[in-house]
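Just below is one structure, and these are the notes that go with it.
For clarity, chains are labelled A, B, C, D and E in written order, and residue numbers in each chain start from 1.
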Amino acid sequence: MRRIVSIIILIIIAVGFIFAFSKIPFGKDKINVANYYIKKGIKQTGAVNIVTSVVLNYRGFDTLGEVTVLFIAAVGLGAVLFVERKIQKNMDDKEDKTKRASLILRTGSRLLFPLILLFGAYIFVHGHLTPGGGFQGGAIIASGFLLMYLAFPKQRINKKTSGLAESLSGLIFVGIGLLGLVFSGYFLTNFLPKGIPNTLFSAGIIPIIYIAIGFKVGFELTGIIDDLLERSR
Amino acid sequence: MSGIYNWMYYIASGGLILIGLYIVLVKTNLIKIVIGLNFIDTGINILLICIGYVRGRTAPIFSRPGISPANVVDPVPQALVLTAIVIGVAVLALALSIVIKVYQHNKTLNVTKIKGLKW
Amino acid sequence: MVNPSLLIAVPLAFAFSIPLFGLVSKKIGKYIPVVALLINVGISFILIPQILKKPAVVSIGGWSPPFCINLVVGPLGVFLVTLISSIGLLVAIYAISYIKEEPTEKYHMLFLLLITGATGIVLTGDIFNLFVFFEILCISSYALVAYNKDKEGTEAAMKYLIQGSVGSSFVLIGIALLYGMFGTLNMADIASRVTSADPTFLFISLAFLITGFGIEAAVFPLNAWLPDAHSSAPSSISAILSGIAIKTGVYGVARMIYTIFNADGILTFIAFLGLLTLLIGEMSAFRQNDIKRLLAYSSIGQIGLIVFALGIATSLGVFAGLFQIVSHALAKALLFLAAGYMIYRVGSKSIDSLSGLGRKMPLTSFAFTIGSFSLIGLPPFAGFISKFSIVYAAIQVKKPIFLVFVVIALIATVIEAGYFFKVVQNLYFKEGKNVDNVTETSGYIIVPMIILVISIIVIGIHPQFITGLLKGAAGELLGRTGYIGWVLGGS
Amino acid sequence: MQLITILIVAFLGAGIVYLIGKISGKARDILAVLASLIVVILVSLAYNQKIYTSFYPLPFLNLSLTLRIDPLSWFFAIAVAGIGFLSILFSLEYMKHYQKLDFYYSMMLFVNAGMLGVVLSADFLSLYIFWEIMSWSTYLLISYKGGKAVGAGLKYIVMSTVGSIAMLFAIVSLYTSYGTLEFSSLASLLQTASSGYILFLLIMFIIGFGIKNAIWPLHTWLPDAHAEAVSPFSAVLSGILVRIGIYGFVLVMYSIVGLNLLHKLGYGLLNFNYILCWIGAISIIIGTFIALLQDDDKRLLAWHAIGQGGYMILGISFGTTLGIAGGIFHTLNHCIYIALLFLVTGAVEYRTGGVRDLNQLGGLIKKMPVTFIGGLIGISGLIGIPLTNGFVSKWLIYKTLIMEKHPFLAFVALIGTWGTILSVYKFLHNIFLGQLPEKYKDVKEVPWAMRLPMIILTSVIILFGILPGIPLNVISGIERSFGIKPLSTIIFGMPREIGELNIINILAAIVVAGVFIYLIFSLSTRSRRVNQYDNYAAGSFIPKDKYQYSVRFYDPVYRIIGPYLRDVVDDFYYWLVEKSKSFFQGVRQIYTGNVNTYALYILLFLAFLIITKIGWGLW
Amino acid sequence: MVIKAVWIIVLPIIAFIIGVFFLGLSRKVIARIHRRYGPPIYQPVIDLIKLMNQKSISHGRLFDMGVILSLAGSIVLVLFIPFGGIAPLSGSGDFLVVLYLMLLAPLGVALSGGEGANPNISIGISRKMMLSLGYEVPLLFSILAVMTYYKTTSLVEITKAQQHLSWGVIYLPLPAIAYFMILPAMLGIRPFDIVSAPQEISSGPSVEYGGRYLALMTVEHAFHTFIVLALFVDLFLGGGNPFTFFVKMLVVFLLGLFIHAVFPRFRIDQAIKYCWKWPSILALAGLVIAYVVA
């Protein structure tokens, strides 16, 4: 019964989709506002990656929100999965069911971990030049930590430090926005010199924010992994 | 043929969304429902990308010479997708954590059995 | 002129800095939201007179409006921001000593972010940015509903999350469709172009958006999450969810219908939907024995009333709806705060167990009484003015259908009166069973309640304090060309 | 300004009394009495004045709240203030053993202030506001005693809310049609309205005011509320609060709609007036005859309050000079004697430890003579024995009915009086006459603070009974203000052209005859005083305390009429409530707790929207 | 004015004499119907004198005052009911006043008896109340029929309208019959002597009365008899001069006595049901006719 009703409803919605999509021709040039970004983006922001300039400059506010969402997820996860320390200690004392990882994994991850970190850093530092950016880089860094967790289940990142890093990088983002407000009267304005496009030190605040985001995302995702791991024991 | 080619991506995205909705409607396992939500997210992301795509053009990154402004796709949907992905991840993470808690309290993942709150 | 972007930046910065303060002392964390929201309240009060003279359009990033995200601070925005930050401030004060469950600093961060999300929703002029802030609001409320980590809380959060995610997905689909059609995300820009688009297409995207925002607004078939979430969350969060969060959903729906789509045809349906919501909410509330669940269902009813008033779509109707938003926000926040502390003292959510508290907790019970009287719509409390205005607006349109609607709405009022009066009697006139060692609250708990009581009475007696602002806000919702003009600079 | 002062004193008094009460109980009591006394003085100073003030603008609705005083409002205001004062005076002793007295006094004053506001309002919005204030404060006071009172209070407030929304509907509709809510402007604007609209307005207002006034079939809250409230408040409730409904009727029917329009409503027997008077008549029958069956003294009086309300409706519904005068005068009289009777029951409760069951009392006349006299005069007024106030007003009403050729209504009114006699005699007999049970051997008369209000009310009943011209003079002023031919009065009764009624002659005749017989009586052989057990019992020994033959005093009549006198309306309301409760229970089953279902709702909504557009092409 | 003052004094005396005469007459007539000799017609007067000199007991102030009130009410009532065109106080009160003044007497008895604190009194009064409720229904119907028909509430005008043999009984036969049917109930004679049934409840309300109390009650009874009959004559038989008026009263009284003396005593519920059945139906029909005709 429920299935039949569901399918009927979904068919109706699908018809709606068809009506709607038929009005948006696929692959045709429908670019409207974005033309402005494409044409003036490099000049106005100094970033050759237009997506980055949209993400961090024209629509930087979205990104701030996005970072906040991730932050909320990390904090919320921590809040929901929070356990009193005492109980946790008791659990630690009892026994550790997780098996020790194999030698190959441990050695391999030790080898790969710095490389992954480096790669992640590369991604977010070059966010304004190449595809990629803070989120992507952060995710890569977090995957590095995930690898380490797999290899050394007993080791933990320092929660305090990671929390501080999250908090600080978030503050840097907001702070830069506020500085923009101070210097040019608009929140999140690019108040730094734009530099020469297509070089590393260009695009004003964009790389700085991306670095902050990179750290923030990296630590947040790691924190999420850490929290989930903690509960899985 | 070009019709199918034009519609293929829409079908994929709409299909993912509908499948996700179907899972949410019909499946009783919480994890599956969460996965369904993720399906919807993915579908929407594909939809956004489809909308921004212009046939025959390239990514809006001018790091290599030879890419003219007339030759790039819409950058905005890509930015939006970036945001949407992050939000999706956030929701997913939170959803899983809540599911863990729900499981601890109810010892089941079957939503038809988790009816402590009703009426 | 204070830059309105501070309204978002300040609480965000404070929220991010809570872990830093945590290094200094664990105790500072709970005062941070108070400080941040105090600043916000200050800013919004400074803004009100300025905005009423001339609405502000503030761009973020420094480019001209359609090309970057901008905040549109019209009368409506500033009104809602003032409401959000004031209620937020009071609840934050309440939470200082109410929240005892660890990890409190995470609670305060999430709380502050929730308020930020709500503020962003009502201020932003960009539809995708609206979605982002909407997600901030939703995700932080999912986490906060589950904050107590008990069986009920997590279950409610889970249900809320599933329905909320479906809703946000719909919002995003709607946004995607709009972007595909118009190639822009600025609401004013979209609004200025909608006439060129195919009506069916427009309606489908509107349907997705209404459904999406409707879930947060708790309109009838979409509100199943609300009773669970509101009743299982910590009471301070219930107060915020009822007082603010669902209002932002209503704001979303109203913004879509009035400003962006100019969908006159659907308004009567919206009014009907509101009426249905009102009836279902009040009926379901009538048989509750769980005080918070009762309040939650009553919130559904009140939202129905608000939506009904907005659906009338005359300037008076919208004015009345906005007034109802104020009076409901004040009253329901007060009720949840009072009920929350009673529950805390008594240890049970059932209405029967609250018997006899009038003697033991006189101030709290008094606050509860004032709140419920205001909700029922008794003079001289704020709820009376709003209810009177709604009835007046509905009759004034002189459409027979609205006459029928208003009669039904008034009947629903009777149901509401029935259960609220029952609870009040329970507090004062029934012998309590095990309330002997219950004591009155003090300090941070009682201050917000007293402030809310006073504001309910003051607004009830002297509604002119807010009517000017509300008139402007109603004008903003109905005058879409004006809105487009502010943002895009035309005319 | 004067009116504003009255209201400010009244409302502030209520607030201050509460605060003072937190400091000192004694000061609170004194202040409460003082506050109500000042209100009485202020209101009486406003006699014969015509004031109209606008006191509070509400610019966003383009309205301002206004107050006025005219004969009608003064008449009710003085009744409100007077009864309020006396019952607060009575409360001083009566309430001593109760708790939460701060709340009690403050609410008493608050109710009074609300009522004053209602009668002094000059526009419907202020009337509605004060009306609601009055309603909810009444609800709090009814529930004050807890226990059964809680149910009574809830019943009251729910019905009251229904009435309020009907009234609100009418008021708002008036406002949208005419753009003003002031009585005076509406009165002239409404003259051009269609009769259908007038009828709608009247029906709405009758529902609104009628629920307060407890006319059949809107009466069911009243018996519970009256019985369960504390006695001084029952006096206020039954005496004046309920009768604010009559004020509303008179206001709307004669001050605003006016006679000309009233007579145009309806055709033949379906005339508005005619239907209204039959409602009044049914109220009389239901009220007085159900009162006959009651064993609880306050409940008995409560049913009479319904019945007497029927008389007032009968009086005012005709719109003749005599009828309106009778109706309004009866309102005043009722307010005096029913207040007195409730105070009497209060006094009895006070001394017997809260006994209200008529079957357990008896013989208290020897112990509480003042209270007895209060009770006697009170029931005489209620019956309408000549020389008490109730007589004159009832006479006016009967006269109207017969003159207007409504013998059937007159029959109902008269037979209602007989029902009244039976039931109130039972009231008096079972409390004060007959055998004094052993357990009440040490009962004393009530203290002075309780005696004084009873004495005042008793003397007012006699005063108005003998000199009906005093209040009737004011009433003819009211009629003049309606533009109706005013009732010409003489101080002792009616002038010749209206009918044969001269109280002073009746009084003289009775006094002379009484004195004459008393002389004969005292000249004949003296008699010996004996105690209550020394009487004739056909030679058999009757044990003490088994000597009560007043249980089920009118048993044969109960058996005959009892089956027909169930309060079917009340049953119907209960049935309605039960049915809607189970319906509500059904409605909330839609929140099944299953999240799949909830998601289904969401998608159904979306699909519905889409299908309306694509499928049906709506919007 | 002087004449009026004289009548005010004389009329009660006349009423007293007629009433006492009827009391004596009724005992005699009933005795004769029972094939007894019966006491002399002046027996009540003898009784009165005897009772005034006998000792008695009192239960309190109200016990005394009630009796006085009762008698005073009856005496006053006489002044309001036209007796052969003479009604000295009829200008001060109309028929409605009369109806209400008729309450004083029973109320006085009830109050007085109430203080008597005897179970028999309670039962008696309860019966009296119920019985009055019973007969009031047809009584009010017939009275209203008369008032409706003649469009006045004044007794004087009602009698005036019936001059020259255009008696009320001709135009309003049904109410008249109804009134006549309940006449014994109003007078408290058979078959409606349930209130004072000596065998059951020891004379009911008057069980505690002795001496002067009983005397006053007897006088009251005499007045009551006069009033009820006078009212009937005024309403239905056109009044007349004092003599014809007396004759009409006598005829009505005897007729009533003859017809009713043969019935056994009703139980109280039977009495009420009786009153509410035939007399009420007749009177109601009369009222409807009067309403339609007038």
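Heads up, the rule we're going with is that contacts are C-beta pairs under 8 Å (C-beta built on N, C-alpha and C of every residue); 3 or more make two chains touch, one makes a residue touch a chain.
Keep in mind the model is a prediction, meaning the values are calculated, not measured.
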A correct list of chains touching both subunit B and subunit E reads D
Most remote chain, CA-based centroid, reference being subunit E = A
Euclidean distance of C-alpha centroids - subunit C vs subunit E, Å | 78
Subunit A and subunit E have mean C-alpha positions lying a whole-number Å distance apart equal to 106
Could you state the distance in Å from the CA-based centre of subunit B to that of subunit D?
-> 68
If you average the Cα atoms of subunit B and of subunit C to get two centres, how far apart are those centres in Å?
-> 28
Would you pick out the residues of subunit B that each touch at least 2 other chains?
-> 17, 21, 24-26, 33, 51, 74, 76, 80, 83, 87, 90-91, 94, 98, 101, 114, 116-117, 119
In subunit E, the residues touching two or more other chains are none
Among subunit D residues, those touching two or more other chains are 588, 591, 595-596, 599-600, 603-604, 606, 610, 614
Pull out all the chain pairs that touch, please.
-> A-B, A-C, A-D, B-C, B-D, C-D, D-E
The answer for subunit D against subunit A in the complex is residues 596, 600, 603-604, 606-607, 610-611, 614
Quick one: in the complex, what on subunit B touches subunit D?
-> 21, 24-28, 33, 111-112, 114-119
Where on subunit C is subunit A touching in the complex?
-> 3, 5-6, 9, 12-13, 15-20, 22-23, 58-63, 66-69, 102-103, 106-107, 109-110, 113, 116-117, 120, 124, 126, 128-129, 132-133, 135-136, 139-140, 142-144, 146-147, 149, 154, 157, 177, 180-186, 189, 197-198, 200-201, 204-205, 207
Seen from subunit A, its contact residues with subunit D in the complex are 2, 5-6, 8-10, 12-13, 15-16, 19
Can you name the residues of subunit C that touch subunit B in the complex?
-> 128, 132, 135, 139, 142-143, 146, 149-152, 154-159, 161-162, 165-166, 168-169, 172-173, 175-176, 179-180, 183, 185, 227-228, 231-232, 284, 287
